[in-house]
């Protein structure tokens, strides 16, 4: 697999969470391919996996009284995925501020590593009253590096 | 349109809510037809429409401190629907008890009235603590007739 | 795990496919629980997994020129699932005829085995022209017992 | 309603398709708001509506032997939408080339016109063999204003 967490000249070492699963028939559309909105859900599953691999859970984040609201989504579709293919979602943090966090994504073939989709999502931390809040410390820590 | 609210020998007059819309491309699957899980969402939209046509909203129901949890779903698929078809969801109450309600559904072609799917859902009223509760009076009234 | 493939007096030995995964945030609804239509998709993922564990794929089924159309769905909701829980979908064949097949499902907690949802789906084999067809031999074989 | 098709200094007159509907309960998530991936589906419904209001249908586009594949999606989330709100999706063409088309979107409150989400999608025309193709004339015509 061509994916790696190795540092190189342009990208400092960072934590990349990977999660793999089969795409579902319900996620296909009449073109015979995975519907483009499904990848937005895969990105989210990438974030869920990222939190788990960091030893926490987005469920804990909400239990602490916070919500990580999505403020922006971007996806670029390079190659279509078909039913029954097994994909890997790679997720990492590209920017972290006191109240906001940006995740980047790559969705690749779980076997060949071929690139299907890239994306980015921006988030803002809100408290229970819906006001902008400082990210809890443990999230700032794991998101840092 | 062949649908009607007229009484007959076997069915007493009852309130039937109808709502019509185009099915969406995202709801199709690789068979080229609407995915079977989408109709479960259409049934729910039928219930939403039923409440609105009764002069209330399921949002009000939740604001009153209740939740109408689904305990059972059944759907029978007679004919496939394809992208861009316009369907009508017909929704009515078939049983009403102090704590439970049963809805029945027909999904038909909005123009020809041809039958696509029939279904039924059973629900139980819960309060904010997740305990079984008596349905609020206004819901028992409109559901009763 | 309490699940087993062991024969007993009332149920002859049969092949039960199990697949486990985390439910997704996108599958929750404003009640804070997994939306009831999501389980219909989990059932389908159970069928996909069943085919894979039988050494084939539903994708192959379609490549052979057939479609397994859903004619009926039934689900009974026993206990709600929340975000980040890990579930196991158990899938087995309860009836097999030359042109139709019935699957049964149990969705349980992947750790505790607690029962969340049970269900059943009925299917009919269609060919590319949409006509009822005899199930291909390899599917009748693995579905048999 | 504050929406308009009026020309101004910076935007020449163009055709804007508007379609309004209630958001669905199934589209909410555990935050109590519409899930961010749902808006990608609303954008698509905006494109469907655009085609209909132009006197054609995306279904005809596919019947002509073409597919309008999504190559890029962008969405900016300004304000959350809750269950039972009625929204209007405004859709228009911002760029049209021989083989590609770009749509822009605004999702607003159907009553107040308050802005919820903006977005953009880029598409490429493919033929049945998956090769890049020139957009059929009638689509170039209506997209060109």
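Some notes on this structure:
Chains here go by letter, A, B, C and D, matching the order in which they are written, and residues are numbered from 1 within each.
The criterion applied here is as follows: a contact is a pair of C-beta atoms (placed from the backbone, for glycine too) under 8 Å apart; a residue touches a chain by one contact, two chains touch by 3 or more.
Just so you know, these numbers come straight off a predicted model, no measurement behind them.
Comparing mean CA positions across the assembly, the chain most remote from subunit B is A. Of the two chain pairs examined here, C-D and B-D, it is B-D that is joined by more C-beta pairs in contact.
For the pair subunit C and subunit D, the distance between mean C-alpha positions equals 35 Å. With centres taken as mean Cα positions, subunit D sits 25 Å from subunit A. Centre-to-centre, using mean CA coordinates, subunit B is 28 Å away from subunit D. In subunit C, the residues that touch at least two other chains are 25-26, 30, 37, 41, 44, 82-83.
Here subunit B touches subunit C in the complex through residues 30-31, 36-37, 40-41, 44, 62, 67, 69-77, 80, going by the rule given at the top.
Taken in their complex, subunit B has these residues touching subunit D: 21-22, 24-26, 41, 44-45, 48, 52, 57-59, 82-84. The touching residues of subunit A, when paired with subunit B in their complex, are 25-26, 28-30, 32-33, 35, 37, 82-83.
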